[in-house]
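There are structures below to look over.
Both complexes shown next keep subunit A, but they swap its partner, so subunit B is in the first and subunit C is in the second.
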Partner chain A sequence: MTVLAPTDLDGALAALAERPDATVLAGGTDLMVELNFGHRRAGVFVSLRRVRELREWSRVGDELTIGATVTYTGLERGQIATLVPALAQAARTVGSPQIRNAGTIGGNLATASPAGDTLPVLSALDAVVVCASASAGRREVSVHDFLVGPKRSALAAGELVVAVRVPVLSGPQEFLKVGTRNAMVISIAGVALVTDAARGGLRCALGSVGPTALRAADAESFAATAVEWPSRRATPEAAIEFGRLTAGAARPIDDHRATAHYRRHAVEVCARRAFERVTLR
Partner chain B sequence: MTDQAIAITVNGERRKGRTEARTTLADFLRDELALTGTHVGCEHGVCGACTVLLDGEAVRSCLVLAVQADGADITTIEGIGPEPGRLGPVQQAFMECHGLQCGFCTPGFVVSVTSFLAEQPAPTDDEIREMLSGNICRCTGYQGIVAAVHRATELIEEATA
Partner chain C sequence: MTTTRTQARAPRVGESALRPDGIPKVQGRFLFGNDLWADGMLWGKTLRSPHAHARIARIDVTPALAMTGVFAVLTADDVPGSGVFGLEQADQPVFASGVVRYVGEPIAVVAADHPELARRACEAIVVEYEVLTPLVDSQAAITAAAIHPDGNILRHLVIRHGDIDAIGDVVVEGIYEVGMQDQAFMGPESGLAIPDDDGGVQLFVSTQFVHADRDQTAACLGLPPDMVRATVAGTGGAFGGREDICLQVHVCLLALRTGRPVKMLYSRDESFVGHVHRHPARMEYRHHARRDGTIVKVEARVVFDGGAYASTSSAVLANACCFGAGPYRVPNAFIEGWAVRTNNPPCGAMRGFGAVQTCFAHEAQMDKLADALAIDRVELRLRNALEPGDTIITGQRITGTAPVAAVIRACADAPFPAGAELDPDSESAPMLLRPGGAGRTADARHVTRALGFAVSYKNLMFSEGFDDYSTARVRVEDGIATVHCACAEVGQGFVTLAQQIAREVLDIDEVVLAPADTHVGSAGSTSASRQTWMSGGAVEGACRLVKAQMEADAAAGTVQRVYEATFEHHHAPTQRLDENGQGDAHVSFAFAAHRAVVDVDRDLGLVRVVDVTTAQDVGRVLNPVQALGQIEGGIAQGVGLAVMEELVVDQGRIRNASFTDYLIPTALDMPTVTVAALIEEPEPGAPFGAKGIGEPPTISSTAAVAAAIRAATGRAVDRVPVRPDDLLF
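Moving on to the complex of A and B:
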């Protein structure tokens, strides 16, 4: 086993170009577990821990660019939490404080687990993933195209997630998740809901109930007319219908964590609650 | 397997060593540096017994490779007290409030609590349970631990008053 520890982005891209068989190691909260359990063979790893550029975030106009190795702790605290509240709420539900100090948003994207907690939020925000490689340079991929399937992303060999760009929207945001306890759980179902007051609509995405994060298009269309914009007034019946339509977008499976039936029900309840929280009677 | 050279600062002391790339920081601390206070429980990031401070932040040392920590500043349970043989406020509080029984999980709890109280000096019961959600204790039922965290806030306040 070899671990390369580049200290800047160019060094990381060069290392990946030189060793196309290398695996990128960010916070290690998924990869190290696989290694410790013998589910992954030792090989060549490129550690991003010392690459400073990837740890930073910036705001230009109404857009944030969040570096790939910004941790969940970084997302749940300070300015990012105020600017993109749903991302902070999702980050707060990940693992434990020790895990949140290590795990990164770029790792969540590149691992592309169906249960990745930031992924439904990024989907609802129509985030853009910035990727880079030594040979092809930078490219930007919509998060919807980036997440290809369970643990599969659009990353090419030798390519790295550099950052993710998300809009700063006006209006409330919610992230709700169901698990077996309040910490240290892999999500059974998750719902991200963001309001876009400027455009007069809601955007809703689901986690852990499909091969990747799924958008609830029918529920979004319904909310465009069922909610009064910009006052965000809606009836209690609208909340029930929004929950029902959102559950209709889920494509859950039975597995060791929950049944498909339970997951669909959890989505319906979470979507209804999230809708009630972002709208006014 | 190829050895890689690393240099880390542990409890204020500069330490150099060579290690296999596969070695976790937890194993390096225990086997190479003989700092066996850091315990290895589950080895998949759930139990929290291996918690250390890495550049000031509480992390699981079983999920960090020693070579990743090259150049980092690490605090283990051995460096939590003011000097060898004297207890720090969190350790004192765990002793007073029966925050431990068998003691296996205790180093992880003490390191975690030390880090959390630095950021949140007066937590509520709920906040304490949230901050300790990544540390598992199979003996105490947590009542003594929660009491110990409250007591630690008093001891820290007294010490700084």
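Moving on to the complex of A and C:
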């Protein structure tokens, strides 16, 4: 087993260019599980742990740029949690404290699991993924284009997730996740809802009920008129309808974790509750 | 040798002595079985069946043997002794030959100089299968074509007691199911075998019954038992899952074949197919009672799925049936039990051992009966509670203590702890502590709180004529006592108790424990809540012999340099159950009551158990901290079975063989545990009057949580673990 440990981004990109067979190692919370279960075998790894610029985040105007190796703990606590509360709420639902200390937002994106907890939030925020490679340089990809399918992303060979850019919005945000344990559980349904008071609307995305994070477009259109902006007033009936429309966007499957029927129901309930939390009677 | 410890008086019986292995375990310095190491050792790896049921047409090991660094590849043809093993009935092949009967059944083992190479060598072995239809329905197994030469019926037990045609004024019925729970111990199966010069072998293994390991392994190796020298290696939990052997024969075969030390260590997913599980059960019940609430008769038919091999299914079924009416006076009973063979994963011992499944059913029935009679649920239980001198449904009279009413009253009357009041100030409860926890799914108005109550009993020690004695050797030299006992420490705290007992009897502070191995007589199994009684009694007995020698010498004015004695402790003999399931089959009984408070999210079907309050019959508390530890741990396992712990098995294949998907309670799922009372009525015949306490916390806690969920939702909750769909659709 070979582990390359570059100390800056150029070094990391160079390593990936030289070893196209290499696997990127960030927090290792997905990779080590795959190794332990024999789904992946030892080979060449490029560790990002020492690449300082990937660990940083910054705010320019109303936009945050979050480095790829910012951990879930980093999202959960401190200023990011105030600026993008749904991201912090989603980060809190990931694994145990030890896992959250290790796992990264870039890893969540690159793994592109349908159950990735931050992905519905990034989808609802219309996040932009910043990618880079030694040969092609930097490019920016909408999160909707970045997430291609179950465990499939738009990353090219030798390309790295460098950062993700999200807007700082005014207005409440909610992330609700359903699992059959009260912590440390793989999501069986997740709902992210962010309001944008400035533009007068809300955006809603779903996790674990489709091949990637799904946007609930019909529910969003409905909310644009059913909610009074900027007061955010809405009727109880609107919440029910919002939940129903959101569930309509789900494309769940049956597996050993939950039935498709339950997943769709959970989306409806969580979307209704999220709507109730971000609106006023 | 340290001398500082002797300055303060070391804790005796009844005090909260600290575990001698506690600090090393917390600091990561304790050596578990997976830390075993020997110079020049090879790594063993098992090739397992991918099919639940198949004929093996051909095995070709030559591609694996040809690999550089591979030192041995062994199959059924290489087993010199018995080709089959088993705790009660030798029906399980060391290696499958001809046919495989469950997913994960061993077919071959490899020894190589690197674990990754051993894995690749397993992949290189060619096995051709003719896949057969698996038998996965336990009910169908009763009459289906046999999948094993010994047939599909592992045991058929009928209890006929009193007038089996008696009829009550009120009758309630129900059908109940329990899913397959796993012991989920943290330390995976591990062992190291080192060949000895005389053709024997040393075996270091994580186990809960080292002498049974030794005897079964020796039989398969074709060696006399004393040529297999077995030692308990640091064991990370057991809960019944290490009573059967797994890698013991394999690792010894590899060591003897290669002439080198060989280590085996199961991965987590392998561990889930490497040990037996709790039996899934289907149970049909009918209770008859008089209008005043007196139970007239209990009828039940229970089917336990034993999986592919016998393991301890026979004894598990006996427990399920014997205690299947609960700790109540039941004058008439007809209980029919089946333990059957299927192509599902093998099932055997797990904490509670059969009593867990039927407790879930009989306690649901008691609630149904109370409701049908319009009698308070606790009051109905009190009216029927067993007392000393009563006869249970197997015709055995209770000669020891039976404080059933006391545990019921203490538990039911206990005040609700702060935060678990039935009418809570739920707006102020942190969202993390609501159903859904970290997922932030529930607001206070979505949550319904309710309570449930359940009572249970179970035998202590082995039953039905089994002489499960224990042996201890005690040596006093230079003011230090050394205790040698083969009792496997699997986390229960015998190492602490052995020291306390030796100090108590000998009045010596410094007590050293020798390794638990087969160089001393058997201590029996660390199971059945038996080691405090059996091995505690053996240590006490050996210490008393030593003390008598010392006192006799002192009286005669002489003194020896060394005093040593060995004591074999047997419990009172028991009988096999007869053709009507009657007989004095059990040594002693332990009783417990549990009251659960749960919060349920009505729309999402998610549950959080808020509090479990308990009262338990313990005889006498020998170590208060350890007693509390057993109670908290047992309740964690009971809560787990109630709301999340289930191996999902599809056509014989486990779908969730990982801790990602086999869920056990986290800190956010664990309720507060409130001990309302430990009832201390010394049990006649028990050393220091102490009853075993490890299993009762697991038995009725599941039933109490299920009852609370039933009360919160109005749903039947006739199956555990409760799934969200069961509460919604």
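FYI, the second predicted complex is superposed on the first by the 281 of 281 C-alpha atoms of A that agree within 3 Å, B and C clash if a C-alpha of one lies under 4 Å from a C-alpha of the other, contacts with A are read in each partner's own complex, and residues count from 1 in each chain.
Assume a contact is a pair of C-beta atoms (placed from the backbone, for glycine too) under 8 Å apart; a residue touches a chain by one contact, two chains touch by 3 or more.
All values derive from a computational prediction rather than experimental measurement.
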{"item": "First (subunit B), second (subunit C), both or neither touched by A:T93", "value": "second"}
{"item": "Which superposed partner A:N101 touches (first subunit B, second subunit C, both, neither)", "value": "first"}
{"item": "Touching partner for A:S142 - first (subunit B), second (subunit C), both, neither", "value": "neither"}
{"item": "Partner chain in contact with A:L25 - subunit B first, subunit C second, else both or neither", "value": "first"}
{"item": "Contacts of A:V3 with subunit B and subunit C, given as first, second, both or neither", "value": "first"}
{"item": "Contacts of A:A183 with subunit B and subunit C, given as first, second, both or neither", "value": "both"}
{"item": "Partner, of subunit C and subunit B, that touches more residues belonging to subunit A", "value": "C"}
{"item": "Subunit B versus subunit C as contact partner of A:F37, first or second or both or neither", "value": "both"}
{"item": "Doubly contacted residues of subunit A, that is, touched by subunit B and again by subunit C", "value": "33, 36-37, 42, 96, 182-184"}
{"item": "Residues on subunit C engaged by subunit A in the complex (per definition of touch)", "value": "116, 119, 267-269, 432, 435-441, 443, 446, 603-606, 608, 643-644, 648, 650, 655-656, 658, 660-661, 663, 665-669, 723-725, 728-729"}
{"item": "Of subunit A, residues touching subunit B in the complex", "value": "1-3, 5, 25, 28-29, 32-33, 35-37, 42, 45, 47, 49-50, 73, 95-99, 101-102, 182-184"}
{"item": "Subunit A residues touching subunit C - in the complex, by the definition given at the top", "value": "33, 36-38, 42, 89, 92-93, 96, 174-187, 190, 256-259, 261-262, 265-266, 269-270, 273, 277"}
{"item": "Interface residues, subunit B side, partner subunit A - complex", "value": "1-2, 4, 20-22, 24, 43-46, 48, 51, 57-60, 62-65, 67-68, 70-71, 112, 116, 130-131, 133-135"}
